[in-house]
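Each of the next two complexes has chain A plus one other chain: chain B in the first, chain C in the second.
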Partner chain A sequence: MFDIFKDLIFSSGFFSLTGGNMVMWLISFVLMYLAIKKQYEPLLLLPIAFGILIVNLPLTFLMEPEHGLIWFFYHYGIELDIIPPIIFLGLGAMIDFGPLIANPKTLLLGAGAQAGLYFTFFAAVLFGFDLQEAASIAIIGGADGPTTIYLTSKLAPHLLGATAVSAYAYMALVPIIQPPVMKLLTTEHERKIVMKKLRPVSKLQRICFPIVTAMTIMLVVPPAAPLISMLMLGNLFKESEVVERLTKASSNELMNIVTIFLGLSVGATMTAGTFLNPKVLFIFFLGLFAFIVSTSAGLIVAKVMNLFLKDKINPLIGAAGVSAVPMAARCVHKVGSEANRRNYLLMYAMGPNVAGVIGTVVAAAILLKNLG
Partner chain B sequence: METDWSKVLEVFGSGIIGVFLVMFLLQILTQLSTRVIDAVENRGKSADVETDQSVVSAKD
Partner chain C sequence: MPELLSPIAGNVWKILVAVGDKVEMDDELIILEALKMETPIFSEDNGTITEIKIKEGDAVNEGDLLIVVG
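Let's turn to the complex of A and B:
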């Protein structure tokens, strides 16, 4: 009897606990608090936080290669590139590209924000990260979770947890991070600019857009194919209006299911051994830098475009070129309406916002082409 | 490990230029396709109006 009791005690996880495990529990509880109480990106932060908690319980072997339950989710979902493209399918089925089709110039604003990403790449290399790690950190500036996960899993899988949590955390903090940058880089007069009314977009134009975009991007940057093809397929489902069931399945059931596996797998990569080192903490700092620089680059490109445009654009919409949809656009609208209460910028900002999604995928594909 | 700065500059330069080029190309193609569709749809609409008018005048 005593032997059984002794055996039970010594085979339990208690005796294998480390200080690092407990620090990770603390991080997990903080993320759970942010997700549940503050509702910061709860759909992802909550499974990520739970993933961190359970993978840091000793002797569970949940991430044991070829054996652990979550390792299978991670291996088949992320390492084999299944989950991020499926998330993009759902995203495509939800996104309205109408404002972008009505004003295609805003595609350049989506590109502008990605310029910031390359400055961060440069900065990360200066701070001692290798090129693959620097690219994985830089993509945080694109403010696109699935693309960050996709690129990091290919270039620097050991940083997956840190870059993913950093990307989702900063996306949730858009309303806090972006407004000061917007106000710093624009004048009161610029923020008051009222833009020309958007032209109506026909159904045929909406249907043609995903086809033209998929063909163009995949022909020019083939590594973008997995993400852009799914994004545009989802959008074609939506705009064709003939496959309502597929549209709903993509944007609801399928997306919700893979979100659970994605969050859990990403969280489970954050073991004490991989996460608790100064390099990872530095990633959070560089992620913030990436986000600020990308926002600034979008604003600057909008200001430069105004030098050549007859119908001026409100430069604030350049900040929506980071692809945190639709939070960045809402933030632009809020700052714009503070300067001019009659200015309704939301629809105008949605153009660069969805262009940012495409831009981030293109930027990631170019990084992959050069460094993969 | 020694940093390959020529590679860094290559990634930096080709990245910025590449993203702008791809997005610019997409902008041109989007503008082109929407204009073509506008033209086709407007032509279709004016053809419909003409047909309606000829039906009305035939009735008269």
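Let's turn to the complex of A and C:
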């Protein structure tokens, strides 16, 4: 009788618990708090937080290769790169590229903001990360979760948890991180600029956009194909207006389903052994740096464009060149309306914002091509 | 007769005035919701509201007539 009892205790998880596990529980609880109470990206942070918790309960072997339940989610969903493109399908079905089509100049802002990635890439190399790791950290500056996960899982899978959490955390913190940078780099006068009304966009243009963009980008940067093809297919569904069921399935059901597996798997990569090392702190620091540099780059490109433009743009919209859609555009709108209450920048900012998504994918593809 | 046009596409979240109300320049008249963000719309004239063309929950496009101030 005593033996059975003893056996039960020794085969329980308690004896295998480490201090590191408990630190990870704490991190998990903090993320749960941020997701539930503060509603910071709860759709992703909540499954991530729970994934962290359960993978740090010893002897469950949930991430044991070829055996664990969550390992299978991780392997088929992330290691084989299936989930991020499916998320892009859903994003494409939700994104309105109209403001970008109406004002194609804003594509430059979406591209300009990617300059931050390259700065961070070199900064990370200086800090002693190898090239693959540096690229995975730099992409955080693009503020695009699925792209960050896609690139990290290919180049530096051991950093996946840290880069993903950092990307999603900074996206949620856009309203805190961006405004000081925006105010520092623009004058009150510039922030007050009211932009020229956007021209209307025809249905034909809306339908042609995903087709032409898909062809152009995939011909120029073939490694961008998995993400761009799905993004543009989703957008074609939406703009064609004839396959409402597919549009809704892509942007709702399918997206929600894969989000569960994505969040849980990303969280489950964060065992105490992989996550609790000083490198991770650097990743969060460099990720923040990337985000700030990208925001600044977008603002500066906008100011440079104004030197040449007759109808001045409000340089604030450059900050929306990071791809956190639509958080960055909202943030631009808010800062703009603080300077001039009759300034409604939301739709103008959506142009560079959606261009930023495309820009981040292209930047990731270039990194992948050279380092993969 | 001055007309207040919607500066932005979105949904009418709240209407803060009624027909007959006296309003002044820069009074907050309507709150629109676009991309899950509340955007207040301010009066561009002094006067009395003579007509409200929208109701709460309506979807409006940029340039749609919202309110007539007499």
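Quick notes on this one:
Here is the rule we go by: the second predicted complex is superposed on the first by the 372 of 372 C-alpha atoms of A that agree within 3 Å, B and C clash if a C-alpha of one lies under 4 Å from a C-alpha of the other, contacts with A are read in each partner's own complex, and residues count from 1 in each chain.
Heads up, the rule we're going with is that a contact is a pair of C-beta atoms (placed from the backbone, for glycine too) under 8 Å apart; a residue touches a chain by one contact, two chains touch by 3 or more.
This one's a predicted model, so the numbers in the text were calculated from it and none came from an experiment.
Within the superposed three-chain model, A:Ala115 lies in touch with chain B and out of touch with chain C [touch as defined at top]. Touch criterion not met for A:Met24: it reaches neither chain B nor chain C. After overlaying the two complexes on the shared chain, residue contacts for A:Leu151 are found with neither chain B nor chain C. Taking chain A as the reference chain, the count of touched residues is higher for B when chain B and chain C are set side by side.
Judged by the touch definition given at the top, the superposed model places A:His333 against chain C, while chain B stays out of reach.
Of the two partner chains placed by superposition, only chain B is touched by A:Ala355; chain C is not. By the touch criterion stated above, A:Ile217 is placed in contact with chain B alone, chain C being left untouched. Once chain A of one complex is fitted onto chain A of the other, the partner contacts of A:Ala143 are absent, as it touches neither chain B nor chain C.
Contact residues of chain B toward chain A in the complex are 1, 3-4, 7-8, 10-12, 14-16, 18-20, 22-27, 29-31, 33-34, 37-38, 41.
Those residues of chain A lying in contact with chain C across their complex are 197-198, 326, 329-330, 333-334, 337, 341-342, 344, 346-347, 350. The part of chain C that touches chain A in the complex is made up of residues 7-9, 26, 34-37, 39-40, 42, 62. Those residues of chain A that touch chain B in the shared complex are 100-101, 104-105, 107-108, 110-111, 114-115, 117-118, 121-122, 125, 130-131, 135, 201-202, 204-205, 208-209, 212-213, 216-217, 220-221, 355, 358-359, 362-363, 366-367, 370-371.
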